[in-house]
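Look for chain A in each of the two complexes below; its partner is chain B in the first and chain C in the second.
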Partner chain A sequence: MSEGLNYTFLIDTFFIALSGVPITLLVTIVALLFALPLGFLLALTRINQVPILNWFSRIYVSFVRGTPIIIQIFIVYASVPLILSLFFEKYNININVYNINPIWYAFIVFSFSTTAILIEVFRSALSTVNKGQLEAAQSVGLSNFQAYRRIVIPQALVVAMPNICTATVNLIKATSLGYAMSLQEITLKAKVAANVGYNYVEAYIDIFLVYIILCSLVEYGFKLYEKRLRRYKYVSA
Partner chain B sequence: MEKYFDISYIWNSLPVLLPFLRVTFMVAGLSIIFGTFFGLILAVMKLGKSKVAQKIANFYTTVLRCTPSIVLLFLVYYGVPALADNFGLYLHDLNTAVFVVITFTLQFAAIMSEVIRSAYESIEKGQFEAAVSVGLSPLQAYRRIIFPQALVVGLPNFGNGLIALLQEGSLAYTIGLIDIVGKANLIIAANYNTHALEIFIALAVVYWVISILIEKFFGKLEKVFSKGKQTINTN
Partner chain C sequence: MLKIKDIHKSFGKNEILKGVDLSIDKGDVVVILGPSGSGKTTLLRCINFLETADSGKATFGDLQVDLHDASKKDIHTIRQKTAFVFQNYNLFNNKTAIENVTEGLIIGRKIPKAEANNIGKKALDKVGLSDKYDSYPSLLSGGQQQRVGIARAVALNPDIILFDEPTSALDPELVGEVLTVMKNIANEGTTMLVVTHEMSFAKDVANRVIFMDGGVVVEEGTPHDIFVSPKEERTKKFLKRVLPEDYTFYI
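Here is the complex of A and B:
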């Protein structure tokens, strides 16, 4: 039964898998664009102990960290069409909810989960900045907003960067679960190609390689950026 | 007409789902045992003097960190029997749980190697030297001095790794393991794909509760083990 690897298929499918990269990156970037500001704001509510929002973000973070992402996908994929169809029925909007591009669900799920992860990242990063820094900034006449923008955030960002990098890599990995929503990304494209001739081993080797290349590049990019950011850290030294 | 959303499905599915936690826990438990052991070997390789061993261990960790669990799962599921064919072994009928355990052992080992390495490196060299200088053998120094201190440092990361493993383990249903997620999908199929949302909510609740319990347990454990620890009080 052993026929070895089908090398032509291996090479062809590698490019098919590669063609899924833009979708993966699009979902990742949209999720990050959504999650970075929101995560930061919610982290501020945790640190400043804003009454109701504080509890909300605690429960939110606990839920996202406590449940597998695939189940979050299932829940969104099952509930959003239900809610939308009720909504459309009520207002007589003639849109079939089952024709919505799955990428919208992907945006919702991954923004939702990444926000929670980033709340924790920013919270721990902000708590490493000495309170005296904020007080000193205010005492020389900076407004609260200026103090955060010029003094606190640059310092917190240096601490947060490695964790943001990990979160991004995890997000890229998590988009591989988009197949459950029939999102046309790396995994699904290669899998569909493999269905024709049952060349699953080759297809998964390709997917494996694409993710390694993608994640290594992202990690490398973050490392370069971290180096640039680090100049904030040694100014006072 | 039937309701779209019926909350009673959540309650009714829980007693059916919970017995299948046994499978989930068994797979996770075996992966933790093997993964910790394998991770220890990797950590020793990383901390050792051999440059080649360091390179290999670091490369392994990087690769595993960059691979989505689902991809690794299928790679193992299809790849291991295909590889075994070359050696004349027929593994296609193997229980799916075995493939799941192999996958998560590989993955957990990568996590654990970093946890162990960082915990070990957080302990000052002077501790070991001091222990040896008062007459302990190196083995005793590791067992009595280094290990108890490194354990405290490593515990929170170990707990996080455990929760991560449990959650990634939910993907095992994709290769046909009937754990709690697999059972949930069977229930939904038996309901002709209706009321999927309720079942998934029940599933989310189960995972959420388990994660909170693990977190609480590790918090307690950390307190117990760090009772001898003295740090500068910064407040």
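Here is the complex of A and C:
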């Protein structure tokens, strides 16, 4: 084994790690598409004290927040195939559960865990918009839905945006745990490449670089968007 | 024009409104006085369905509704006939002054945007904010915000405007500008139901004064009746507390 870094490997593996970005982003985007609306709706049930649902969201949040994601991955990865194979057997569906692409499990785990985070993000953001504005909107003839869409949500979003950004960046980083279920994302791809010649340090540097670039870009995108959203506050805030 | 009959409302075990009747004619300026906690805000909120009364009937012109279980459609109709000015202004913080005023016109009433903007500008002119069309609420003083709140109500051209202590969140030096605006729109014949502690407004502008205490109307009459010759002991006590020692009443 040679001393020092293997630069050719470093550069080659950088691109291998980079080729994991689409999967990482796909999982992130699917999880957000699922978690943003659901998290928002469940946050509403918390704010408005909707019976049962409110209670459900609270338990749900404490469950997900109280367990490491890696454990959630293990649970889903181990139990969903069992349940599915029983189900497939019963209905004579001819699919081998062990051939299911692990990305589906990733979708499930990260969608559910992100939902829990966003419930809390939206709950605190919604509570910063005073109820009086909602009432004023109703009194000038807006429906509840219109009042939320035009008055409450735009303001809550501005407040929530930094936290949504943090949640997204955390989510991107958390998808690296997908390697535990053979998800072909950044970390797994680089590690597999490293296995051949034991170039782990190089691989880790590449993984590090890819995440830092990816996360910085995402944060920058959020900053731009935030600026546009908070137009109405620019002088006072 | 607006009649309220036997309205009751409790929060939990607390009965806040214990059978209030109210009758307002077109062009009336009715002031409700009463100590804090007597149910004045709750009464206004029940009329606008921001709170659901436990029982009671309302008649708006030829529309009769049960205040406890009105249909969505009736609630919408009544909100079109009424407008609310809030103690804390409750402006839409993400909208400019003009957008605050036109929101209800464009979205609530489906009036075309250009027309709504004209109405909105006229309403803001009326409250002396011709130079603030495009200001966001965060850039306006409390008095200016409340004037936008009044413009928002006026623009809807409602049958009646409900004011809930419109000046009590304001710094003393800003109260005058808001009262002046209210006086102006009263002089134009706007029907108003005003909860306030501004005795000068009650005395100079109202044509009827209602004194509420403990969830009931204790006494009502002309400003002269109430301020000069109140009949009820509770009214006298209240007035003694809120009016300055040497307060004299001239008609």
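Heads up, the rule we're going with is that the second predicted complex is superposed on the first by the 229 of 237 C-alpha atoms of A that agree within 3 Å, B and C clash if a C-alpha of one lies under 4 Å from a C-alpha of the other, contacts with A are read in each partner's own complex, and residues count from 1 in each chain.
Definition applied: contacts are C-beta pairs under 8 Å (C-beta built on N, C-alpha and C of every residue); 3 or more make two chains touch, one makes a residue touch a chain.
The structure displayed is predicted, hence computed values, not measured ones.
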| item | value |
| --- | --- |
| Dominant toucher of chain A (residue count), chain B or chain C | B |
| Touching partner for A:Tyr211 - first (chain B), second (chain C), both, neither | first |
| Chain B versus chain C as contact partner of A:Leu142, first or second or both or neither | second |
| Touched partner set for A:Pro154, first chain B, second chain C, both or neither | second |
| Partner chain(s) touched by A:Ile71 [first = chain B, second = chain C, both, neither] | first |
| Chain B versus chain C as contact partner of A:Glu89, first or second or both or neither | neither |
| First, second, both or neither for A:Ala174, with chain B first and chain C second | first |
| Contacts of A:Gly132 with chain B and chain C, given as first, second, both or neither | second |
| Set of chain A residues, in rising order, touched by both chain B and chain C | none |
| Touching residues (chain side chain C, partner chain A) in the complex | 48, 50, 76, 79-80, 82-84, 86, 88, 90-96, 103-104, 107-109, 136, 138-139, 152, 156 |
| Touch list for chain A against partner chain B, complex | 1-2, 62-63, 65-72, 74-75, 78-79, 82, 86, 169, 173-174, 176-177, 179, 187, 200-201, 204-205, 207-208, 211-212, 214-216, 219 |
| In the complex with chain A, residue positions of chain B that touch it | 4-5, 62-63, 65-72, 74-75, 78-79, 82, 85-86, 163, 167-171, 181, 196-197, 200-201, 203-204, 207-212 |
| Residues on chain A engaged by chain C in the complex (per definition of touch) | 129-130, 132-133, 135-142, 146, 150-151, 154-155, 158, 232-233, 235-237 |
